[in-house]
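Multiple structures follow.
Shared chain: chain A. Partners: chain B in the first complex, chain C in the second.
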Partner chain A sequence: MRDTVLQISDLKTCFDTRDGMVTAVDGVSLSLNRGECLGVVGESGSGKSVTFASVMGLIKKPGFIANGSITFEKRELVGLDPTAYRKLRGKEIAMTMQDALTALNPAYTVSNQIIEVLLAHDDTLTGSRKAKRKQAREQALEMLKLVGIPSPESRFDDYPHQFSGGMRQRVMIAIALACKPRLLIADEPTTALDVTIQAQVLELIAGIREKLGMSVILITHDLGVVAEYCDNVVVMYAGQIVERGPTHAVIANPQHPYTQGLLNSIPRLSDLARRIEPIKGTVPELVNLPAQCRFMDRCTRARPACKTHIAMQDCGPEREVRCLFPGTPGGGDV
Partner chain B sequence: MSLGKFIERLLQLIPVLLGVSVIVFVMMLFTPGDPVDIMLGDQHVTEEMEQALRRDMGLDLPPHERFFKFLGNAMTGDFGLSYYHRQPVAEVIASRLPATIELSLAALIFALLVSIPLGVLAAVRKNSFLDRLATVTSLFGVSLPGFWFGILLILFFAVNMRWLPVSGRAGFESEVAPITHLLLIDSLLRGRIDAFWDALKHLILPTITLGLPMASILMRVTRASMLDVLNRDYITFAEAKGLSRTRILVKHALKNALIPTVTVAAIETGSLLGGNMVVETVFGWPGLGRLVVESIFVRNYPLIQAAVLFYAVTYVMLNFFADILYTMLNPRVKL
Partner chain C sequence: MSDLLRVTGLVKHFDARRGVFGRMLGNPGILVQAVNGVDLNIGAGKTLGLIGESGCGKSTLGRALLRLHEPTSGEISFDGTDITTLDATALKAMRQRMQIIFQDPYASLNPRRTVGEIVAKPLQIHKLASGSELKDRVVSILNRVGLNSSHLNRYPHQFSGGQRQRIGIARALIMNPKFVVCDEPVSALDVSIQAQIIELLDDLKQELGLTYLFISHDISVIGYVSDRIAVMYMGKIVEEGETSEVLENPMHPYTKALLSSVPHLEKSTTRRDRIRLKGDLPSPINPPKGCKFHTRCPLAIDICRQKEPALELLNGTQSAACHLTSADGPKGGV
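Our next item is the complex of A and B:
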């Protein structure tokens, strides 16, 4: 039985800038089941963060959602009244950001920043303001214990700058998870961290995901992270999804030349003689894009036929790719 | 903030005060005009009488001796006699100080009350009509000279409309026995509402004149730092936490945005002291600023010396106070 938590259909998010209309997200559709972990991969500017900022309702002027629908547990989020949205954010859908150092407010203690989210959302707190605060304080301590802050009682009233990078990331996760959300959007949770800490933080998210039964969207540009932790993966390029499918299938047998490019640019210990092959060129500017394959200028397989609108097509069980000439040259070599 | 740091700050005052004393003394030495000549005016006096007066005022000594004598006395808290008032300088200054403090505080409060909300609003509604209006007005606020703007206010509100008094601190009928020497507070403490209104009416125009440039600068600083803060990740994260808009603006944004505002406010409060001289003169406000201007006209050396030293101490203390406030707002900084 499939229990869909999040369903995005044909989402289009635009930014009205001086240089013209930038379509940062162009026709993205995806769905996420309860308890599933979905990896969203793409380089900077691929629209992955904007997609989920749209889900959070955090798109600000000059940006706007031009088209499409986002449903969370069968509730339509596009056009949702701001107050209702505010009650949803942080409670049912939570988000962590790339760098906890900049995401935590430097002027307030860690305890303060966890307690405030509990006070804003937790209806189980009862009694006077003071009593509520006391209960929230205890819950906050529990959260810090859960994310593995050693001796949280003594660190509770410290300021963010007094924590190490990994600990700060844990604090941010504690804040995001304080109200036991059903969906966590983790935007580049490990990019700002040392490699050794990265694994710890990801294990932490995976563990809590299991414990709370929540769904996780892991936004990253690290396919290694996706391979390790995600059930399914979505590859984004220039505002569109170019490939999707179960993680192991996509990585073993990538169909889109861009996905292959991403995999080829990962150094491998098993094959040190192999040169890393960077993808040549850069992401196109997202203003007034012609109706053609967006990867065309960087693609080795580009042909005149690619100069047309390209739709997603099936390419295996539960797999889709946005390419007229899909396939894996030389087969899967992972 | 440790006691050691506090003492260190106090010790830092010594070179500042010494330097200020030398500069003021030298400047007065090279300023044309002689206090004895000015004092005697057109009166016909004998050479001996003039010499006696000069000796009496301590002006017969060579400059360096005069300076060291002043310094020695100043250490014991004796700043000499005011030539004009024939009273110890410290007493004269003390008698004029409350009026200046009252006006400066009023200007400071006015500036803060106007600038911070306006700066926040202008930042939140960037490029709106309100934002543009506030920005243009603040440009006028910093560029209009106080003596001119003050006179305009007097002409309109006092002379033409007759809503507010032209000058002075309070009418004769609203005299109250002093407690704090601040009229607004004393009149309330004594239960004299009439006197309170009278004092308040006298205070309005000079407060606006004195506070407007400061309000303008602080508005711009608040707006700029608020705009900066609103783009920070922690604001987005606060939004992602589902906090209310007010809480995000006031708690998460404003506390961080106020850090530069507080620093500038403290420095600008120091410059209120300078503004006081102009504004008090224009509005006939019986404070220290006007006293200093009058003293400069008549070369009342002891009073000028003491007043400038007082300004210097105040300035250093304000900066010190700003540092303390700064650490309170910004936990990353420790004094």
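Our next item is the complex of A and C:
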């Protein structure tokens, strides 16, 4: 029996700009089960961050959710009033941002920023204001230990700028995990980090996920990271999901030409003799897009039939693809 | 094999005392030891890949080679001439043959100049062309990097990241240089665009007989583009060798950790047997005594904390700076 934590149906998020209406997310549907780790892959402008900013209720004017529904544990989030959202955010769903230096408040110590979350959300704290603060402080210290900050007692009252990039990312994870959320959305948690530190941070998230039975959404552009840490993957392009499925099936046998293009563009250490093949052209502008396949202009398989709205179609067990001519080039198998 | 570039004992320290008063009154000992004694040779027509984590000094080294940072000490011999002793006029002439491509295509192009002006500037500075000849050369190099004459009067903000990087490449190559420092040229780009730029740089190298120092923190990219690889840690080269040697048979524990931290697409590699490094890079202001890697090295023994190992040739072409691999050091199961 499947226990769905998050369900997004036909989400459409737009930004009303001077240049016209930008549809950053256009009809995204996905669901996440309890304990699952879902990878969301896409390049800049694919709508991956905006999709999850919509989940968190962080879309500000001129942006708005034009259509669709987002349910978290069967509660509708679209149109939820700000007070209710504040109770949810940080407690039940937490998000870590890509750039830890800008996401953390430079004017407050790290301890204060974790304690703030606990005081706002943790109902188990009891007693006077002072007593609550003392308990929160102890818990905050525990969190810093959990995320592996060396000698946390001495670093506890430092400011964010006194930490290195990897340590800041850990602090942000500590803030996100302080109230033991049931869903963690990690937006490019390791993009700004070096590869040895990236490994540390991803292991940390994987470890905590197992320990707390948390569901994780990992937003990234690195397919290697997805391959190692995610059960399932969705590939986004120009505001739409173009392919989804179990990670290893998608990577071993990609169906959408964009997914294939992505996989062919990365050099692989295991096979350096293999020539990389770039995808030609660039991502389309998201203003006033015609009703056609969005990848069409860069696709080697494009035909006149692609000049229409393309729907997701099944292409194997638990797999879907948004392409009229899916499969490996030449082979044509679906 | 003839070396185009020979670097001996290159050192670059930055004075980190703050402000005028700090310099007058401050502790004379506060030096950031960014590059700390580097020996390096690059063969004509070859690509040397320089890899290391942020803060290890790789960009400083790249810039010091062109004397964009004045080296503190050491010798840089370019095509037989020691460029560290050249006066301003001679250096300017020499710079025609040595160019650099920068990491950030947003910050390295003047937003108030058109593409035509940006790309023509080096020729004007060196008074190599004017009038219609200047324009012809600009258009021809723009064509070569995949842009065209319709882009001449546009400003950098009208271009995408990948196109901007092409402008940066055109600006460097219009001088017909022999040697180009590529300082993280693809790190700011999306993967599909990254592959386009790597291919372009590779084609240009073949066509124009260029020699590259290719700086990156991405070991897969380095492995793909390089003939030889140098691994840098805390201002020193810790391992150097042919690409296949370094990737298939790494000698230094740091290189091993770097390689095992890279997430792989293939199912076969399990992340469980990864070498996990503890902690962050130490501060380059106060580097650890002995081997600079001993604070994070899983194999460190007593001698590593006392004596700094020298870069030693281990077999025909591969060298490493580690007590455990050294011929006269203690033999260990590294």
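The rule is short, and it goes like this: the second predicted complex is superposed on the first by the 329 of 334 C-alpha atoms of A that agree within 3 Å, B and C clash if a C-alpha of one lies under 4 Å from a C-alpha of the other, contacts with A are read in each partner's own complex, and residues count from 1 in each chain.
Quick note on the criterion: a residue touches a chain if its C-beta (ideal position, glycine included) is under 8 Å from a C-beta of that chain, and two chains touch if they have at least 3 such contacts.
Being a predicted model, the structure only gives us computed values, none of them experimental.
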Clash or fit, chain B versus chain C on superposed chain A: fit
First (chain B), second (chain C), both or neither touched by A:76: neither
Touching partner for A:153 - first (chain B), second (chain C), both, neither: neither
Contacts of A:318 with chain B and chain C, given as first, second, both or neither: neither
Which superposed partner A:297 touches (first chain B, second chain C, both, neither): neither
First, second, both or neither for A:120, with chain B first and chain C second: first
Comparing the two partners chain B and chain C, which touches a greater set of residues in chain A: C
Partner chain in contact with A:203 - chain B first, chain C second, else both or neither: second
First, second, both or neither for A:107, with chain B first and chain C second: first
Touched partner set for A:44, first chain B, second chain C, both or neither: second
Shortest span in Å between Cα atoms of chain B and of chain C, once chain A is used as the common reference: 9
Complex interface listing, chain A residues touching chain C: 43-44, 150, 164-167, 194-200, 202-203, 221-225, 227-229, 248, 251-252, 261-270, 272, 276-280, 282
Complex contacts: residues of chain A adjacent to chain B: 56, 58, 86-91, 94-95, 97, 99, 102-109, 116-117, 120-121, 159, 161, 172, 175-176
Chain B residues touching chain A - in the complex, by the definition given at the top: 232-234, 236-244, 247, 251-252, 255-256, 329-332
In the complex, chain C residues that touch chain A: 53-54, 160-163, 190-196, 198-199, 217-221, 223-224, 243, 247, 257-259, 261-267, 271, 274, 276-277, 279-281
